[in-house]
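Structure first, commentary second.
Should a chain be cited, it is by its letter among A, B, C and D, assigned in written order, with residues numbered from 1 in that chain.
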């Protein structure tokens, strides 16, 4: 019974943990501009994150090595350092976006300008990382993030023509008025938002910290294969409500407030309150994950002690990096740069960095020295290879498309 | 001397023909006993034409998947040569000659053997 | 660093006078973005009138719509129009709409905060006209 | 992976850049480089794990590598040689490299100690595990 409970908890937190500011904004934005015609990009992204999160979890359980250990071992110190620099910058950028997201969500609840919330949000995130235990943090924010289910409720209340929605998903087309480069630019953004590298840094490091063994592989798989797809459904619900309410009214999402509007239209104040709670929890949870991940990446590259299970004094340099990242993230948002723009850039740059993270995972999960008999099966390898090609294509295309479309304008 | 002094070093054979660069040092744990383990002793140099991708391990493992990566990496490392330490010119005292010179001709070195993973 | 460079490349483009065609394209883009802001405010206000939107959310939505409309207008006004009569006319028409939109949004925000229903209704009507104007402008000049 | 005498390993693939852990499971460092010595027959064998910026720098190569090494030089106490862990302390070579002495008694990571003492220890709550 207790085990069942812990599995259920894991699944629930995975759902809540999948959605962050990048998913909220990108899904809402894409839904309001392209309807569900880009749903395929989210679906492909969900398959990708399931695939690689499962591999990284398995590697963590069998070899006790987290993702950035593998990056350095397999790419060598030089390419590994370049990878670290890129991954670290993107993780901190995403961290900044999440802190901005917390502040924007709090502004929606209070109408107090978000800039005033930013320092408080940064401090709260850092305090939780400093003092609160992993399992508590994961469960609380994962469960509160589930409040985002109101988007599914709102979708149902809008009583759309389901066959029409299904048709948009299954027969993707580019609605008139948007150029093909823009269409693919947003496809990459959705893909990047679903597969953000920090998710595997966090997932694998968490597994190592909790001393997963081979026996935990099944639990890890269950969390991944149930939690992430359900999280993907939440993203799709957000996109669908935007497509139904905002698209016909010519509203293109450029603020978090617009993402929540369809919920109010469909289901009223209480539902909207739940949506705001979900925004705060999802962005706060993701801020914790990105903040920790910035420390994980650096500490794992240099071989420093890291983690939340030891006293902060014993992982001094790790905590120093987390502290510095928090300050950098808060400072970034305090420059009054639009947090939504930061979010959009963070998901696109995430897409650029995908191969850097996922290649080493694919290689090690095939290495018998590490994995013994738990190496990838044929299906994992076939899909893994397909996705490796896909992430390389997305990474190469992202920046040119960004420049060509002026970041999707 | 450090391991990094040998890694990446160019290797020329007896006739001065370039063999490639040192991608790895193959060791046997039979050196002087130190503590609980015998120290790893360098038995041979693995020499390939490039360094890129060698750390992925595909150049040394026939089985490791996925197929796509194996094919790509092994294309880069078509000729992986195992150079026994005994044929490396080490007469000079102090730092080793740069590039490393061999006492034998390239043709006399075994090639296929290197494709197997040790251990 | 790459990130910084790309951000600069994407956002920092100050161009000289565009061609009439490009200017028209820019105007259509501007109208589209402005329409999005105005319609957001209208939707939020209508939802609030139906009692489905809490006051803080409404205020935040309205002021962010106002902010984006004002930055859209600033961006458009900073473009040097090509020296043709058509372009000047185009600029005047759109600029009038944008200004009316800004005024309407400010009026709506103020009235909403005071919960002055009569003025809200009036501001909504005038914003609806702006929205129709922007929509027409977009239809006429695109394609 | 267990280690038997006579086992064959590739230094770069199986030893360099791996995580070093102490008997308490604490992380010590990465294998930044390896120190080799020649035996009586002129064959090199591994005598120590080298670590820290002065070991990593030369492996990075180029300007960045020189820069990292120079920083290491500045941080190090005068005349202190590059930090090393003698190979006699190594007890296992696997997905991590195990050493037999606890981290605190290896005396190889002065920077961690400095950060601990001057930054982290001054923040309230640094001595306790999370709640």
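Everything below uses one rule, namely that a contact is a pair of C-beta atoms (placed from the backbone, for glycine too) under 8 Å apart; a residue touches a chain by one contact, two chains touch by 3 or more.
Everything numeric here is computed off the predicted structure, so don't read it as measured data.
Novice: Quick one: which chains contact subunit A and subunit D both?
Specialist: For subunit A paired with subunit D, the chains in contact with each are B, in label order.
Novice: Which of the two pairs, B-D or A-C, is linked by more C-beta contacts?
Specialist: B-D
Novice: Mind checking the centre-to-centre distance between subunit B and subunit D? Centres are C-alpha means, answer in whole Å.
Specialist: Centre-to-centre distance between subunit B and subunit D: 24 Å.
Novice: Measuring centre to centre with CA averages, how many angstrom lie between subunit B and subunit C?
Specialist: 66
Novice: Just give me the whole-number Å value for how far the CA centre of subunit A lies from that of subunit C.
Specialist: Subunit A and subunit C have C-alpha centres separated by 31 Å.
Novice: If you average the CA atoms of subunit C and of subunit D, how many Å lie between those two points?
Specialist: Centre-to-centre distance between subunit C and subunit D: 59 Å.
Novice: Can you list every residue of subunit B that touches 2 or more other chains, as numbers and ranges?
Specialist: Residues 55, 57, 119.
Novice: Where in subunit D do residues touch at least two different other chains?
Specialist: As it turns out, subunit D has residues touching two or more other chains at 1, 14, 59.
Novice: Mind giving me all the chain pairs that touch?
Specialist: Touching chain pairs, listed by label, are A-B, A-C, A-D, B-D.
Novice: How about subunit B: which of its residues touch subunit D in the complex?
Specialist: 1-7, 23-32, 34-43, 46, 54-55, 57, 60, 85, 90, 118-119
Novice: Under the touch definition given earlier, write down the residues of subunit B that touch subunit A in their complex.
Specialist: By the definition above, subunit B touches subunit A via 55-57, 61, 63-69, 117, 119.
Novice: Which subunit A residues qualify as touching subunit B in the complex?
Specialist: Subunit A reaches subunit B through residues 73-76, 362-363, 366-369, 375-376, 381-382, 384-385, 388-389.
Novice: Considering only the defined contacts, which subunit D positions touch subunit A in the complex?
Specialist: Those in contact with subunit A are residues 1, 14, 17-20, 26-30, 32, 51, 56, 59-61, 64, 95-96, 103, 111-113, 115-116, 119-121, 123, 125-131.
Novice: With touch defined as at the start, can you tell me which subunit C residues reach subunit A in the complex?
Specialist: These residues of subunit C touch subunit A: 2-3, 6-7, 9-11, 13, 29, 32-33, 35-36, 39-40, 42-44, 47, 51-57, 59-61, 64-65, 68, 135, 142.
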